[in-house]
Amino acid sequence: MYKYILKRLLLMIPVLIGISFVIFLIMSFMPGNPARLLLGEKATPAAVEKLTEELGLNDPFFFRYYSYMKNVLQGNFGISYRTGMPVIYEIRARFPTTLKLAFFSIIIAIIVGIPIGILSAVKQYSFIDTLSTVLSMGFISVPPFWLGLLLIILFSLKLGWVPSYGSDSLKHFILPALTSSACSFATLLRMTRSTILEVIRQDYIKTAYAKGASKPRVIFIHTLRNALIPLITVIGINFGNMLGGSIITESVFGMSGLGNLLVLSIRSKDVPSVMASTLLLATLFGIVNLIVDLAYAFIDPRIKFHYR
Amino acid sequence: MSKKLYDGLESKEINRIKKKSQVQFVLSHLFKNRLAVAGILFLSIMIISSIAIGFLVDYKVIVKHDLRNKLLGVSARYWFGTDGFGRNLFYRIIYGARISLMIGFVSVAGSTVLGGTIGSIAGYYGGKLDIIIMRFIDIQMAIPSTLFAICIVSVLGTGITNLLLAIMIADIPQFALIFRSSVMSVKNSEFVEAARSNGCSTYRIIFRHILPNCMGPIIVQATLNLGGVILTAASLSFIGLGVMPPTPEWGVILTEGQEYMRDFPTLVIFPGLAIMLTVLACNFIGDGLRDALDPKLK
Amino acid sequence: MNGNPLLEIEDLFTVYNTEIGVVKAINGISLQLREGMTLGLVGETGAGKTTTALSIMRLLPEKTGKVIKGAIKFEGKNLLDLDEFEMEKIRGKEISMIFQDPLSSLNPIMTVADQIEEVLMIHQSDKKKKSYNFLQNSQLFLRSNTKIERKTDEILELVGISSDRKREFPHQFSGGMKQRVSIAMALICNPKLIIADEPTTALDVTIQAQVIEIMEKLKQQLNTAMILITHDLGIVASICDEIAIMYAGEIIEFGTVEDIFDRNKKHHPYTQGLFDSIPRLDDDKPRLKPIRGLMPDPTDLPASCKFHPRCDFCMDICTKQNPLPLKEQMHMIRCHLYSGSKEL
Amino acid sequence: MNMRRFVFAVCLMLFLFSTAFSLQSVYATAKDNTLIIAHYGDTPNFDTHNNINDNGMRINTILYDPLVRMDNETYEIYPCIAESWSVSEDGTEYLFKIKKGVKFSDGTEMKLSDVVFSMQRGMESPKAVPSFARVIKAEGIGDDTLKLTLDGPYPEFLFALALPTAGIVSEKAVKDKGEDFSMDPVTTGPYMLVDWRIGERVLFKANPNYHMGEAPIKNVEYRVITDPNAAVISLEAGDIDAYVGVPPSSFKRINKSPTLELHTGLSFGFTFIQLNMARSPFDNPLVRQAIAHAIDKEEILYGIFEGDGEIVDTFALPTYLGFTDEVEKYPFDLEKSQQLIEEANLSEKTEISILLYTAKMSKLSQVLQDSLADIGIDVKINQVERSAFNDAKQRGDFDIICDGNTFTAPTVDESIYTVVRTGEYFNDNGYSNPDVDQWLDEARVTVNDNDRAELYKKVLVQLSKDLPMIPITWNKANIATNKNLLGVTANPWSFYNVYDFYWQE
Amino acid sequence: MENVLIKTVDLKKYFKTPKGLLHAVDGVNITVESGKTLGVVGESGCGKSTLGRLVLRLIEPTSGEVLLKDQNILKYNSREMKKYRLHMQMIFQDPYASLNPRMSVTDIIAEPLIANNLCKNQKEKNEKVKELMDIVGLAQRYSNSYPHELDGGRRQRIGVARALAVDPDFIVCDEPVSALDVSIQAQILNLLMDLQDQQKIAYLFITHDLSVVKHISQTIVIMYLGQCIEEVSNKELFHNPLHPYTQALLSAIPIPDLSSRKHPRYIIKGEVTSPIEPEPGCRFRTRCPHATTSCIGRDIPLFEVEKNHKVACVLFER
């Protein structure tokens, strides 16, 4: 098992290198000179030229990439072109917000989505089922930024229950978490429903009934655990999507997280910040995927057997 | 005597045999799904009215400012009121359907074709080629697609075409994966083996036997993605990286309305509703197609 | 003829409401099974064999399947009148079932022991109260006690599985072993009746022989009655006491093994056709004599004899009237061919 | 693997997650005496010489003391670290008498050497250009006099020194802390840094050793609220006490509010349209004039900017030295404009686009686009990122630019020199008029005010004829505050010295 | 044996699996005479389907030869192979999976004609299809139906028609009746036998059902774990099975007759072991009641005990 984890972690390395290369390449095509941004409009051309040289921006692409990666391997993510401070400071400060947001959202999605999904699977074709289908479709279709704005209009402006802005207390996380959980709640609901319906059709569920097991027992002991396996993937994918979706949510709610940083950095061609945040997000994504796979093994003995 | 009876049964059997092609079968199933029908209706109305408005109203009227009439409420002349530039919000939203749907259709078609080619090659040939392609897809999948699209737009610059390209590129791996897995699952089926034993060429096997049988999940995915693409396009425009004002794209209209959101919430609600309903319609159709194409029903 | 009637099915009708229409799966079957006897239910796909079993277990698909008429009396109680809770007490304890595919009929994520012990636990706890305390008796919070564990070991050894392997998962067993586990699960509560739905179809011949041997042995040891559902006349011949041949939801012939397999006795044309269709090891027929035509559409069954469109002896009356069962002692046939006499 | 272990593991994971995320207790934002000011963005650091970010400079205004400060309304320079000053005849040498007994926030005494070090540090830093661009030498004379030498006469120099890029730092602290100084500065300013949560807020407390006496407001919090509408909501809700740069669309709402007050004043900056004279068709003066006539400045001011600003015909306000009303004016006149276009006889249809980067200019450019369409010129709008904007602008790769500027001091030289003088850094549109260059240079070395005024007049008139750029409105600065906050006036730079503020008793 | 149509020489196919090499087919020699049927029987996993596909070269063997009329077809490249494919066809086990669900009955049957350019125009194609449908007993009205609209028996008839389309000399039947009901099974078996009589087609008939194989074939090969353990004529099989496994297999089959109750049944213990990296020696020895040390260490070759009766067992080694 440990060997497997190690193998997976090692496999992440080429992916991360690939990602860093792709992003570095894209960023290098972006117009604009970071040195000028760093120094401001009023700086003299000489000073800009000097800084350009210092930052190595005149070097050939591959050399720049090489030296960047060398620094990264030494734990040095560089100096942000936008703020002039080490990138790591800003990321350290912003990362918890994004993680918290994603975590709260996924918790909301799980707490709401899975039970409703079970209910609508158990009561297939009932009113509840139709309602939850239409509702979940609605949530999948709603633009997250718009939902955010509507929530702000309703709960902050009209009712004044929660603050619309910022990220410093739990209260501030309510609306953003609701917003970004909307889509994953809906997908989770639909997945729960369909996997449970799938599992219920299996022969071993018939066997369980034939043993004399009651319906709740069959659903909670036999069905749910088997259905959990595909659900974990969905949760994992949603967690990843949420990290990506944080770009939108954070900008609507003005939260100082990684997503916000990414937009800011891309806009100001702040290559080191973009690289560091992308790599962080991708690593996180990889780790979430790994956890998902390990959770599989935990739940599904067939897979665990495979890993040995 | 018994011969006649036998014939009687046979004639009954003929009635029973549904002389329907696969397409008709799927469509008849689709039209039984009320939500899907509602989706198709809504989309058709959107498409027709957005085309019609091009003939009825001059595009200049749609984008030209009229600051004296700005921020008017809902009235007979301005069904949805006017925006911060005094433009007719209703016209803008209806016209916006053109842009959003165009971006949606073209980029989904593009990523289906490109992703399809890559995925089919990986799925059919397998082996080292597959591994290499998969590594590339892994890399792109590990970057959140919104981020990827933002990066591409930042490089290419804003505008409808670039937005379209960005979304298309960002969606390719998704389609490649679906094509790959469907091709792989169909590739080993007995009828493909039968085709090979019949001496069919690789080309014929892929295009006549494998791909038609992969179409189900792909059509579903494409329809569902249509909604997703419209959402992404609107999101990018919303954060100022997509279509540029005054083009009446829904995300743009929303951003412009956001400033007046407090006093004139309709400026935000109407464009948002337009996006949501369109995406919802796509999802209903996609869902209906999924059910209609479900092999378990057959 | 030993024993009292254990199970009596009276004029049972079961339908499935599907998208294509109402599927008439069972059309008035009546059966009697006495204690300790083995009944073979033989027929082709779609004859209604499995539906009969599910009707007895009351496990028809909730939304579509429905018993519309008739009674199923188990030890004198009509199972169809019981509420769900009482039925749960019967399933697994009084009547248990073995399914066709051992691959899919075991829960893949529970150990073999857990699955067997579950039966014991369910039927231990529900003596106390009529409540759904499903969590209390789950393995979540309660480790099985030694008594239960000993019983599990015993039953596993009985079906020929070493008790060392009981903490393994189904996927670690081969197909034959899995079916043995299913048998163990069905037998652990000493049920009075076992319904085995094609228990060996998915297995290889040599394994099939092993499984049949075990079932036979255990049945005799425990004196359990059994309904064996199969399409294989060979299996029926080797272990059944009585045989019911089904066609389109009806029992068209019923009798003891001797009645059915005696080629000199009168038979329903369908039974005859079945025997003629099977290639046999022990004789060299140059050509088989298949039954022509296909199974009728279950949504659109003829009101008269269901078999008449395929029957070589079809008469006028066959197209108009459903024949009544004719009996001679145990042997029963539903066919107009023999309707001249009151008895066979 | 059994169920119990699974449940246990799930619980453990949940526990770990919840401890990892256990909400750090939010420190009390004691409403009692804390002033909360919001800005649209965060500061990158707290180093006065290394920070030209708007928000950073606002923070450095209260964190650092410059030699002198500027009055918000009269634009008068008043002493701060420098008690008094004198200028040499030729205007190139400044002598500052440094105040005694000033203490740094760490309690150490400020010495002349610190001041000299600060000036030298500023001169070396490429980012402190706004203050030190023209200083060539800084030295201490005696034990309390600082001498700064410039490369030429520069009448606006004191304004430059009043900017937050010219703060005084502790030499010892800079040398001891190295890189960390920018996170934990030692300063003489009215406030000291307490805490910084990146991207969210900065907390300050009053410097008890402040040389002008401890500030009346003891705690200040600078909060980041990127969305101006959200900021107005927070203002109304009383979550924040002040917001700098309220969007004009919210003016009505703030003016109506019983608890809020809006302070506005003219800024050092205007909004203009720049035409690329190196490219066709803008190399034709008739086209430029036609465009000027096609712009309805009134509509723009009231329709787009909600009346936030003042319509101008030239690049100076009446209070500026050298202001003249005799410039060529281009009133809104579509017929005239069309006529001019016809005269210009535009043969080829070229692709014309408007380059911009801010949302504010996006609205202006849309209106401009419509106006140009009226006179038969089709243009595209190209909104890009700031970096790309600067890049394109410097390369001269644009047709029309909608932009606004801010400058250091209220003079004509400041407002236009770098933009129109041939070869200057901000002259990106290829404008070159030797006469204008000569007059501008002459004005720089002319000490007599009347003579300078004459030169500026000539420049302004000539510019109105050449039309390298079309002025639209003079911008305004604003700050909306809680009514109980007194002592607030709009600062033309939008850099507010909280030391002036106090709560109503 | 002068009529030999297909012959395999020491045919081997090993698959790579994570646990090691899987010896699916391990040195099999079979001979199919033209117009005759060779039955291949074995339990699941014994490699009989793999053998069928190897003979048709649908998968490439690891080693060995497949001779079609003394020509080794393994030497040909894909274009030459295409020509030889016309002589050899296949009927598949699952009539549901082996027909392309997106094609109509006509299209499916015409597919080999089109793929091999055997018909000049649409009309010729339609006529040929019509003819084929008549041969296999499919009513013309199904020609535009789709497979999912038909039942298993008719589907299998389509499969047969497709195989016949190119006028093959040889058809591999991979469990063609095991998915069908008894009455339908008999119909298809009769059809196959009639076709053989009329068109002199040779069959390689793969099945797990001894009674079916005995009914249809002249010679029968019993396979166990990738190896051929007994080759026997139809008549001999029932009367004189030699290999212990064959005996067990015969005894295990329940006979639909009460007489079988009297015979004590001979049930072998254990289950089929894994064919991954097997040790040399008789592969049945783990379950064999007669196993001795002489069964281990070397592969037992097939040798002729009597005329038309070969067996691979040390008990009969001379």
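Letters A, B, C, D and E mark the chains as written, and numbering starts fresh at 1 in each.
Rule of thumb we're sticking to: a residue touches a chain if its C-beta (ideal position, glycine included) is under 8 Å from a C-beta of that chain, and two chains touch if they have at least 3 such contacts.
This is a predicted model, so every value here is computed, not measured.
Looking only at C-beta pairs in contact, point me to the busier pair out of C-E and A-C.
Per the contact counts, C-E leads.
Relative to chain C, which chain's C-alpha centre is the most remote?
In terms of C-alpha centroids, the chain at the greatest distance from chain C is D.
Comparing centres built from CA atoms, which chain ends up most distant from chain E?
D
Where the centres are mean C-alpha positions, what is the separation of chain A from chain E, in Å?
Inter-chain centre distance comes to 53 Å.
Just curious, how far off is chain D from chain A if you go by their C-alpha centres, in Å?
37
With chain centres taken as the means of their Cα atoms, state the distance from chain A to chain B in Å.
Each chain reduced to its C-alpha mean, chain A and chain B end up 23 Å apart.
Please set out, as single numbers or ranges, the residues of chain B touching at least two other chains.
In chain B, residues 154, 258, 261-262 touch at least two other chains, as defined above.
Among the residues of chain A, which ones contact at least 2 other chains?
In chain A, the residues touching two or more other chains are 30, 152, 157, 251, 266-267, 299, 301.
Which parts of chain C, given as residue numbers and ranges, touch two or more other chains?
111, 138, 140
Which part of chain B faces chain A closely enough to touch in the complex?
35, 135-136, 138-140, 142-147, 150-152, 154-155, 227, 231, 234-235, 238-239, 254, 258, 261-262, 265, 268-269, 272, 275-277, 279-280, 282-284, 287
Hey, which residues of chain D end up touching chain A in the complex?
1, 6, 9, 17, 21, 23, 26, 42, 44-45, 50, 52-53, 126-127, 129-130, 133, 182-183, 197-201, 223-227, 230-231, 233-234, 237, 239, 384-392, 394, 425-426
Going by the contact rule set out above, which residues of chain B touch chain E in the complex?
10, 14, 17-19, 21-22, 189-191, 193-201, 204, 209, 212-213, 298
State the interface residues of chain C toward chain A in the complex, per the touch definition above.
Interface residues on chain C, with respect to chain A: 57, 59, 63, 84-85, 88-93, 96-97, 99-101, 104-111, 118-119, 122-123, 126, 132, 134-135, 138, 140, 169, 171-172, 182, 185.
Give the list of chain A residues in touch with chain C in this complex.
124-125, 202-204, 206-217, 220-222, 225-226, 299-302, 305
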